[in-house]
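Per-chain residue numbering starts at 1, and chain names A, B, C, D, E, F, G and H are given in the order in which the chains are listed.
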């Protein structure tokens, strides 16, 4: 938590705009929340105004809006993931500049945007139902400055459509492969490219899909090289890691 | 157990070649053993000399040889699966006509061979380590009269080699897809053909492969149509089922 | 996605009946959806107007109806699985010819129906609660041209009632065995017939039934020959595979 | 531990036949060992010379023989389960009256045998590989006085052979159903009889059999009434429980 | 389904009180439903008017009431398990004689009650939250004629209260031990009595209780003799089995 | 259940303030409930008015309030865990002195408070979402007399913030480490202190977090010494155990 | 690694008794090995000669002996756990003062022994097969200065023998409960005492015991208060934690 | 398989140095083996003499040596993983230039070595027992041209030693974190650096470690950003992926 934020709260208390108890609550709730708010710059104390990320799931629209508003006062860019439209509406009342990425369930406020001058990231997904996770990954990578090439609905059951995209996928520095059900997409892509493949299993499926465990196991056991795996449905983590590698490849320094 | 077999044992007892206790043991051990001996014709009592199958695993070479010898006296064709070379050597001493299929770990004695006049069965496998299961399936299908087209080492990590075989695989009436690790082969093949695909997960792999469970789950969750699944490493079952479908397609009647 | 469909959308845009953004959304949503719409003819580009299947679960009535209406414009036959009555009502407003199969939770529009001139498919189920899955399998097989013989409520706890149906079951080319709880039905049927048995575990049961896993394991470990297994509750997949085998047996060519 | 046994050890110490340290060890090892020695009569202090049971697995032949010899001095009947032939040979050197039941892997010394004047217990098993567990159950029940009717190799894949035994199975007061793989036997028998069925899953099988878990789940989810379940491979426990019920039915009092 | 029931339906159709389609539905729904209606007398065709049991869970009040009314016309005794108060209210409108056992969630209509002239069954439970399952077991056993001795709230955390009941528990012919969480009750009781103990794990608990799996495993691994296990929450099955053993002990013949 | 409580109920019945049936229900429900009411002093019969704890989850506000009111009549201190605000409101109508600890979801009535004159207990938690479990632990320990030092939001992803608290954590007699997701907090703390660490996995997380199982396994496999583990989300149990150890360390006698 | 140890190695190198490469290897191997050598005093740099613990499993006798010899040069006390007799023999050649605790599989060299002037620790175990784990716990606690009261073979199947020890168990400051199979011992003891109970599941059992998982789950779900749980078979960890609590209770400072 | 290799075999056949059958076997065995030989350059047909990798596990020394010899004839660099000393000895007889990396269990023949002119890769491991996997990762990365910085024995139980290495770890472009047991290392490192962290769970541990599953789950649920996960014990895959990212960061082109 940088000092501007604390200062803002104290000023509000001083001016009577905020009760001390409310301030206490805000202070207790906001900083250092490793799930609620992904504190991305723990060891970059000298840089000010870094991007902050809020995990919207489990928060009421009011809570999320209050957190976003305060973070927006101290950071150039903020993002809220797993946010439904009701959260967005509450946020946009306080932050009219907020943008909603509906399929990704992401809200962003981004006054200055980093740009990575390099190859794009490819986000490849298997089926329609995998779209929310794929979009979460794509929007996150864009938020951190990557150019994203979306290649959707190319599940392995129709392998030729995937293969038709081979040249396009090979343009990318890093590929995010998003798939539920049997999760075979990551292996096939891993065999097609010689770049890192970040595999994201999704909870799409039923019965023995076991909420994404079948896809997860398939991805961990991929016989292709260069494939590593994220937690089930963790599109945000994949997008962040992809942007990190993308910056490395572009010589753009750390996130 | 058809009557010839019982007759043979009784004759041996009558002639003093077999002690009554030994005969009792043989009778207790042999017939109707649904694991030890797969009794394939429970409800086809009128047909004589049907094929019998012995499950070699867990049997001493001596036991297996004794069982094979007796079955050979009453059946035109017998097969022993999961049979190491030591079993084969014991069997071939008693049955010089026995043939050993080393990679399949199968012993056959086949005096008359059914022939299915139709399209072949394709047995497709992902990696070298999957070969024993693939061969078990292939030899079993051949034993029951199918023509088998083996297409091995076409794992999805090198998708183009698999695709190069597309026309060949599409010739088949039914496809057996054998794969361990992430088991993606079945889904890709299911998308390439419009024939039944029998998926056999193998216990090949390590760590989260969990002895074949990862491949099994992938196959059960296949997003391709026409795919059904066998128990882990059950090449015999797949070969039998494929031959059964092959006969149906050829109008050749039941096995 | 065949060209007629694309043409239809473009025409609507041209005539002002559809906004470009809506068209974009429709195009992004509809084609190649390997879960949302089972694209059955990926490699049969020359045939026009093949059947299309929509997976209704997770779609709003409005979404499902819009998709069905558009697909109906370009295909002779369409089907929507996992469809509640609310979806049917929305669909039938746009497509009065749509038929609802309530227990199967299936909607069909079928202007020309393939007919397989051969033996029937038997769909055998264990208990009342397994009916929706059994009916999904039966309706699917009928949609693809098979004649279906329904033999319901013949669980193994009352084995004689099942046995009374033996002759009837043996008439079939292929048998679909649907059961939850302990899933023993597939093994008993596998011992009674010498035709392929497609086993479908259902999520019926409680406690250690584990949402169908107990039945699934039982079916995978069946000691009967000719049994292969589908994902839990996957009646659609079983019906499709059965029709595919049925066509093969009838010499009717691929689906 | 009844007093005779303690007395015997103390006498040996007194006479110099046993060092105090050895006696201490013996006393520490022997009594009340709930796994090593199943203490069956904890609350029947007034009865002397009750039966004792030793769990042979994990014991050296020497250890097992020493324990058996000492127990034989104080009890009319003793039994050792999970005993290989090597244990039997060590035991029979010290106790020439010991009898070895090879398939059951049980050693008994039984100077007086309880007899239950009633209906028999039926022990029904599915396949050859299930025999050791079935025999462990059968021998245990006989040890406690029951008459046992063995009905083996009647797996559900050949349902008619099982049905041929229906009348015989219905003679029993209680039925023990022993099966591995898919464990369907218990459900079918439960539907045939109106007596208690004790289901014993065995670790027979491979792959998804998971060392007996598939059979266990099937038995717990049986749709037949009157079925309860033992731990995997626990033939001893099933035999003991069956004899207990058998005595109840015969009005013979508690074990 | 005995003939009286069929006759009743046909008469209603004949008299116009029921439409043929409705009759068809009723006939398709009612008989032989191994989950919906536990058909208890499959092989006792000569006895008329046996008890019937309906599984209420998943049925609407209207469906349940219709089924109960029809069964009541043809059977002396009927029972509906897993029935909420809303089902009872619908049933009692049609069958004013119906009795609701609230904690057991059971409805009974019992015009003549079998009586077993023997020792009672003890139903012992660990905690308050286990009561519904314990009561389901107790009411079921009473329905089949047993005298039931309820001993509740005697979990092993307060072992002395359980031990205070030892003499009372030992009066029983058979004991039902109902417990969730760690399920230790069955082992302790198994050590206290020399009668069959039917262990019923409940889904009470949280976290690693895993919906009853922890208790189930504890019961299967009980180091006490005479303990067998039912499916999680299966109080009905335990009560039925206990009554069956109780009848055997009383020489009362089969259920 | 001490005699004052029984006396109170009987007096109410005698005075007509309570119907006999209601008294019966109250008596049946209240005492000895090992889940509903944690009976903490089973073997301390001589001490009167000990603390009682009610498990609020699964109880209606009315039930909880009635139980709390009655317990308050006989005990100096009572606590209700897993209590939502609706329960608190019902309780505070009857017991205006009741205090609600919102984040802990705990209600307390505490007329006299034990005080442990010693070092504090440290409750350390990883993320915001773990707070309810951490607070349940903290409030419970305070209820039993411990001084609690709360150190929240110090997950291992920002290790320096945790390390900044090292000196503070080392002041404690015993540490409670509360974490979901990967549960690494317990291992790191175990390496920092030489006092007992009670690890509480929480169900915070998604996908492969498996409702707390990932954190649980991490904690059980901690490579640090002095770490023991509670059930998932069991903050109450951790707080109770910590207070117990705290009292031991302070020479304050048993709880 | 304290300086004496480094000094000793350097001196050996200086004197030619050790080659530099060997020294390098020794330095690389020895210190800070969190599995191979449990480094107990990471943050107690000022104290010299603390106890060191070696994990013997997976080490050759030669390796273990070399490590032990070197550690003995720099520490007053050293211990090797999971050590077979072969390791002991190799160690005692170099360190004749080494003592072997056979059942515990522990080797100790202890020149000065801490003594905790307080109540004993009770180590309670269920069955004979649990003894090695119980002894590992007991010897470890003694090594760290605790007085240990061993109470073995008191499984819950014979509850009265356990209860006979109640007074003795209540003398202890802390209780270690060691049990395999159903693991019920911890719950019963937790209900008998008001001191911390450290529960250690053992891998004793078979089938659904799942290598200790059944006992582990039972212990985590204990309905008794004051129970916390260690990893399966982790007797060493339990003994260490118990001694830590024991020292706290005795006011003896940290380990 | 590039053409030089095929040419070599054909030449040997032509010259009589190899029988046609042997050549056939060699051809069948060698190329395209996705497990036996990791074919790294499937789509880089134009580059000659790429590196080849053999999976040694499950091969006899003779088989491995023959494969290595042939590959060495056609490739500048070859590597064999999971190779025991016996394999190395057989290989070095044929290829004296082969180098054995004992802890990594890797054999390399590397005539020209790629060099990545950039930052190093850091390989960080938790405990001694994790060394083989860490070394497999390190040697693999070096084989592909990376500079590797090994930082071993820095488990989280002694967090300060890990923190002492923070500056060193931050020098790396990418970090491989290797840990068994609770796998917390990856999360702590993920919080310390802003570079990609490749987490490799190892099968080190016992009991609930479940062969690496506990560490795997911890790593998948890491609350730190930038962490992705490999299969259990897959050091090779991690080293390959790290080198791939390392090359990207150095602008060195694809592997």
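Operating definition for what follows: a contact is a pair of C-beta atoms (placed from the backbone, for glycine too) under 8 Å apart; a residue touches a chain by one contact, two chains touch by 3 or more.
All values reported here derive from a predicted model rather than from experimental measurement.
*Asks:* Enter the angle, 0 to 180° in steps of 5, of the rotation superposing CA atoms of subunit E on those of subunit H.
*Replies:* About 180 degrees of rotation relates the two copies.
*Asks:* If you average the Cα atoms per chain, which one ends up farthest from subunit H?
*Replies:* The chain lying farthest from subunit H is E.
*Asks:* Taking each chain's centre as the mean of its CA atoms, which one is most distant from subunit B?
*Replies:* Ranked by distance of C-alpha centres from subunit B, the top chain is F.
*Asks:* Could you give the separation in Å between the centres of subunit B and subunit E, each centre being the mean of its C-alpha atoms?
*Replies:* 46
*Asks:* Suppose each chain is reduced to the average of its Cα coordinates; what separation in Å results between subunit D and subunit H?
*Replies:* Subunit D and subunit H have C-alpha centres separated by 52 Å.
*Asks:* Please work out the Cα centroid separation of subunit D and subunit G, and write it as a whole number of Å.
*Replies:* 37
*Asks:* So which bits of subunit G are touching at least two other chains?
*Replies:* 34-35, 42-43, 126-127, 155, 157-158, 181, 191-192, 207-209, 213, 216, 220-221, 223, 225, 231
*Asks:* Report the complete set of touching chain pairs.
*Replies:* Touching chain pairs, listed by label, are A-B, A-C, A-F, A-H, B-C, B-D, B-H, C-D, C-E, D-E, D-G, E-F, E-G, F-G, F-H, G-H.
*Asks:* Spell out the part of subunit B that touches subunit A in their complex, as residue ranges.
*Replies:* For subunit B paired with subunit A, touching residues are 126-127, 155-159, 163, 181-184, 187-188, 190-192, 205, 207-210, 213-215, 217-225.
*Asks:* Per the contact definition, I'd like the list of subunit B residues that touch subunit C in the complex.
*Replies:* Residues 34-35, 38, 40, 42-44, 173-174, 191-192, 194-196, 198, 216, 220-221, 223, 225-231, 237-238, 240-241, 244-245, 248-249, 251, 254-255.
*Asks:* In the complex, go through subunit E and note every residue touching subunit C.
*Replies:* 28-29, 31-37, 39, 42-43, 58, 201, 203, 211-213, 216, 231-234
*Asks:* Across the complex, what residues on subunit H touch subunit G?
*Replies:* Subunit H residues touching subunit G: 126-129, 152-155, 157-158, 160-161, 180-181, 204, 206-209.
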